[in-house]
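Should a chain be cited, it is by its letter among A, B, C and D, assigned in written order, with residues numbered from 1 in that chain.
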Amino acid sequence: MVCNMPDEIIEMRGHLIDSMTLTRVMNKIIARGGSYEFLQFDVGLKDTDTSYLKLQVTADTTTLLDEILDDIHSEGAIEVSPKTVMIKPAPKDMTLPMDFYSTTNNETRVFYDDHWITAQRQMMDKCIVVQDKTAVCTAIRDVRKGDGIVCGENGVRVVVPHRPRKTSDTFTFMNSGSSSERPTLNIARRVAQDIYNTKKSHGRVILVGGPAIVHTGGSPSVAGMIRNGYINGILAGNALAVHDIESSIYGTSLGMRIKDATPASKGHRNHMDTVNEVFTYGSIYDMVDAGRLNKGIFYECVKHDTPFVLAGSIRDDGPLPDVVTDVVEAQKEYKKMLDGATLVLMISTMLHSIAVGNMLPSTVKIIAVDINQSTVTKLIDRGTWQAMGIVTDVGAFLPLVVQELENQESTV
Amino acid sequence: MVCNMPDEIIEMRGHLIDSMTLTRVMNKIIARGGSYEFLQFDVGLKDTDTSYLKLQVTADTTTLLDEILDDIHSEGAIEVSPKTVMIKPAPKDMTLPMDFYSTTNNETRVFYDDHWITAQRQMMDKCIVVQDKTAVCTAIRDVRKGDGIVCGENGVRVVVPHRPRKTSDTFTFMNSGSSSERPTLNIARRVAQDIYNTKKSHGRVILVGGPAIVHTGGSPSVAGMIRNGYINGILAGNALAVHDIESSIYGTSLGMRIKDATPASKGHRNHMDTVNEVFTYGSIYDMVDAGRLNKGIFYECVKHDTPFVLAGSIRDDGPLPDVVTDVVEAQKEYKKMLDGATLVLMISTMLHSIAVGNMLPSTVKIIAVDINQSTVTKLIDRGTWQAMGIVTDVGAFLPLVVQELENQESTV
Amino acid sequence: MVCNMPDEIIEMRGHLIDSMTLTRVMNKIIARGGSYEFLQFDVGLKDTDTSYLKLQVTADTTTLLDEILDDIHSEGAIEVSPKTVMIKPAPKDMTLPMDFYSTTNNETRVFYDDHWITAQRQMMDKCIVVQDKTAVCTAIRDVRKGDGIVCGENGVRVVVPHRPRKTSDTFTFMNSGSSSERPTLNIARRVAQDIYNTKKSHGRVILVGGPAIVHTGGSPSVAGMIRNGYINGILAGNALAVHDIESSIYGTSLGMRIKDATPASKGHRNHMDTVNEVFTYGSIYDMVDAGRLNKGIFYECVKHDTPFVLAGSIRDDGPLPDVVTDVVEAQKEYKKMLDGATLVLMISTMLHSIAVGNMLPSTVKIIAVDINQSTVTKLIDRGTWQAMGIVTDVGAFLPLVVQELENQESTV
Amino acid sequence: MVCNMPDEIIEMRGHLIDSMTLTRVMNKIIARGGSYEFLQFDVGLKDTDTSYLKLQVTADTTTLLDEILDDIHSEGAIEVSPKTVMIKPAPKDMTLPMDFYSTTNNETRVFYDDHWITAQRQMMDKCIVVQDKTAVCTAIRDVRKGDGIVCGENGVRVVVPHRPRKTSDTFTFMNSGSSSERPTLNIARRVAQDIYNTKKSHGRVILVGGPAIVHTGGSPSVAGMIRNGYINGILAGNALAVHDIESSIYGTSLGMRIKDATPASKGHRNHMDTVNEVFTYGSIYDMVDAGRLNKGIFYECVKHDTPFVLAGSIRDDGPLPDVVTDVVEAQKEYKKMLDGATLVLMISTMLHSIAVGNMLPSTVKIIAVDINQSTVTKLIDRGTWQAMGIVTDVGAFLPLVVQELENQESTV
């Protein structure tokens, strides 16, 4: 190694080893062809202590060094002397400076005006707009000409999440990944405990759901959870609403009678009749008011003031008058609903779950349930300890969760 | 069986046996608890002849009989004496009479003013608006107060498709279902022949595609097919465009260098940079005009006047300025593009493929390609001989198709 | 078409239309390039009547005609004048004459000595050995030099199964295919009814199971079904036994405590300890006798004289002393167990289920349950009305079935 | 924490951080409710240095402490003062002492007679037999009464593998997991380079394959690789052989003509004819000698003295005379074949691949290829840097690999 190769000294603090942060940092440096030398490493002596690391990173060229620093920056590595963040004005509406800082889903701080400011509404793949000593994660379509946009990585610090210590919830007992080969009844028990505890501690549970909830016969379970105050909001698409209402007013799903799973008379047209009925009444709310809709997920939402947002998609039948057909508008409504969420249940919908995943900071717990292994893997693969996947049949799993919720209640 | 049970005489014409129509009709009658008696059955003596059937259907109650008649109606069974179709006015905008006729994807005729009129723009799950001796399949949101809506089944005839006779194309050689256990090279050859012949016979090929085309390295293949005039239109979402343009201008996909599959420097932000670049230039078209985008799927679209429609979805990053963010508007644009389509290729996108499937009459050929068996099964399960599924890796399959297209050209 | 093209007249009897037999016959003739003419077609006038068809099949060459006749033979088409079956001696042990008749899973009769004899032990892909006026489906490894082997198709008649008429069981209510989008609770109810009724009518229920039963926490359900006399035999491999016994004696599965789904102390070695324990005691039976094994699937088998056969496989740990390590021997034991079976439950094992499927005549009911759609599709794709697939999570589904069985009992 | 709680001092050496070993050790201690204190941690200053750690582990009870020590033992943690390994005699044939040491797939050493001895034939889930200063991983069925069996963890050291440094092969460029969303052509290039380099460096490539190789048209590719000396041995089951030979002598697979993917005349019986033909000739070798088999995978094996082992399974048709029908015997043959293997290709077979995976030490490279994501995930989930998964269509992928191999050859 030649003496005059470019180098930089970075420092990191936190549970560096058990969060695997240090492992990833070292691997990233090596993978890009750089090298490192430990200058100082104060390992947390006990398991509750944090560690401190000072590391010298060296590379063949400044370009390469920049690449490495950029890469490990997202793991929380920062240059030793904080530099003031660079702010550039947006050149026009919905357009960013070329070197804008693109966010992760981890808590992010910018060093501005000699203070560290934490960005609000942390989301992935957004820019940060700084204004009046506040910093806000902002989607590109919401950027207006002249907005102050954070650029480059100087003065930006990412705080990586660490592994939760207590072992009382779902997220610590299933220590990694997802699999269909788990004891289902016990997993249902854990999920019920998580939901129960979240409600008890005045947390906010948001359910993201797809129509398979209805097809597999899971509607009454979700409706019951809403009625008992476990769900604080529903994010879905047109299909969940159409099929839930169809099952409520006609007792069918995909034209099959739910009570005995036989084909219903004229069942194939029931979902279109449902769409037409909602248009006839004006909206889902009007349909409940008129007494035409008197059970099911959306009935309970209306009755218990549980808000819902239905996002439109290209494959919608109708879509219902309640659907937000403009997807940019729907994204905004989704984000509002997710404000303050502490637990998000993703049930059988890849489209809406991925959308929601992109809107959540890494600190919000996610439980993703689907019968398809690869869907679950995709949803929970977000570099956080807080996402857990369950590969199961929703129609059999949800009743088990509800039963466990009742057990929780009765043991109090 | 009591003599005075309600009955009705229906008749059917066509390739009743080899299309399985008769089988389904008989099974539906039995499944609902009715019974039947053949009054006349003139089987097509030779394989090219059509058959004629007159059948008496009996049930315990008129309600049950109605249900049965409704059920077999969609198979092409019609009452012997044609009755005039019932037309009722739409009670208000975007609202239908309760007993509106809900369409199938098969060719449909209505007996009106003593003539059989064929419905235009045949699509599934729509109503039929009759006006000035024309009948048009219409989405509920396009219905205006007072429009004449077909109601009930009287005077409505469904023409079921029959099995194609010639064995020269993909659809007859793979006689059923889809499987990953097929000789891939030969299937690629057949698909190439279908595409080649469609172009030669001045047919219209529409490609519906998802971003996995880019991730698996299939972009150059699709770009080549556009350049050589095999594709007449592209239907997709924001993601295909973002990732195609990212791969064109940065050489990466999901942050990985496509040429050697290693992680690119700052690769994770390339897709957001891409979004920002398109906003900077104004649109994909402007980006091509400015010389910034000079290869890939969308470059070829612009250069060869191949139209595309990008439909927005709730999970979009950006979305790009070219995206139609309102899904009802996007559905209209999709339908326009599909007008006159003769072959539709569905490549690695369930969302857009299902949307397109619902917009197509049963007479349009569909080839659905995906690595996931259940996606393919869902896409081709539409009661027609014209849909074929291929379970394969798009990134390996598309180059084989392109190679076979070149072979076809060189043998002419 | 020239007059002197080769032709043959065949006849068919049965529920030709609703079984789709006639459809398949016509399609097969066309697909191979032949043509047909109906000479006589007496359609069953009522839905309970059978039909009779006399058909002239024509082809360009006698070779092609032979191919067609061979192809439609398996659908039940036979030449008008019964010819005596051709019998040739096996040239040596485990070797057949080149043109041996290869069986289907449908009931098969041979015209021999002026009588139609029904083959015993009907299985797929076997030969038929005729001896002393009996005909027996025989595996190639069981053939001995000189055995009389049926050759060619002359004098062989296949009886195709027809659609069951009554609608009381699982098989008629789910009229086709398999899907994860079904109301799970109701399907569990139907399956329970089938099992309950089979026991009540002194039928024979055989369960084919894989280790996911244990991993998903389904062992107690299966154990309960054995204890209550619903299962007449178990076919499995080494893994089901090892994991069931591990869960019984250590309370773990794959090293995880089943009762609370946390990793057990030294859990990773429990399955090898289990193997060692069984070897220590000598066999599963000895382990029960010694009081060491006192719950679970195999404990109940021993206690209630429910026989089981464990077939070895290349991936076995151990395998246990109870395992039949020679697969040819294991196949024979499996076949013995399946003798007289009326309902076969295939739970989460592709390997053993495919093996069993190949050993069953088409008249035996099969219910296949797996969380993987493509596994289920493969298992039930056997050209019979008697196979039904359920895509669900076994660990959540089995308790529902057991609960429904208890409901059945209590309502009697 | 009370002073007199039980504790133990362990030490570890190696690339503790970048191999994630330290992370896992800390997490395991916490997960079991223990705590730790760093006594000494000499981090490798540069990326090529190894680290040294001395850690005090404390727990509430000696039982718990034992559990923790056992758990972290498999990560390479050893007690500071090496104790002599405990050896107990096997109580009878095929039976181990209750506390036998159950192996991992990592290199393992035992401290015996004042020396560290490395165990031979390292495999997972076996015991270690010590005799005459040698230690050998041994399957339970091979243990004989009186054999010296390693018991407990004292004096046993596990050497964990570290991340490979060089970036020239497939295993470093795809740094984690498997996905269907990768650039297929480039992955094929990397795999070809690995195979090419392994041959050039006189390594040993073993292919484990299933019948989907044949069904998807991949046979010629594998045959070509054998002919060109890239494959040193084949491990498979009956099905690969039957279908490969069927495709060679009849040109069909599953009854479909491979050259044009149309149904062959009498195609359904071709696989049974194939079985009969091999029995007629006596064996695959005899069939090649007689000139009856003259192309395909097994023809090339015979012609180029490439050994193969066919393991029997319960679902076999036949099985062929060449199949080892006893699975315990087949396991022994498999292990012999794997001796000295440096690269193992697992192509489209879960059964045989899992079997092989259990027989391999963690130092052998594995490339697993399958169209099913969950199969691939299962195969490569073995706690090593050396396993890589590729989700693709084998029939399209293998020809690309062969083409790249040819490119490699021509560039030399």
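Here is the rule we use: a contact is a pair of C-beta atoms (placed from the backbone, for glycine too) under 8 Å apart; a residue touches a chain by one contact, two chains touch by 3 or more.
Being a predicted model, the structure only gives us computed values, none of them experimental.
Annotation, chain A versus chain B: rotation angle of 180 degrees from the Cα superposition, expressed as a multiple of 5. Comparing the CA-atom centres of all chains against that of chain A, the greatest distance is found for C.
Centres computed as Cα averages put chain C at a distance of 33 Å from chain D.
We define each chain's centre as the mean of its Cα atoms; on that basis chain A and chain D are separated by 37 Å.
In chain B, the residues that reach two or more other chains under the touch definition are 31, 167, 175, 263, 374.
A complete topology is adopted by the chain contact network, contact being made between every pair of chains. By the touch criterion given at the top, residues 31-32, 64, 67, 70-71, 74, 91, 94-96, 98, 100, 102, 125, 140-141, 237, 263, 265-266, 268-269, 271-273, 275-276, 279-280, 311-319, 321, 325-331, 334, 351-352, 354-355, 358, 372, 374 of chain D touch chain C in their complex. Contacts from chain C toward chain A in the complex involve residues 167, 173-175, 180-188, 190, 212, 215-217, 253-254, 256, 258-263, 371, 391-393, 395-397, 399-400.
Touching chain B in their complex are the following residues of chain C: 17-20, 22-23, 26-27, 29-31, 33, 35-38, 41, 43-47, 163, 165, 167, 172, 175, 373-374, 377.
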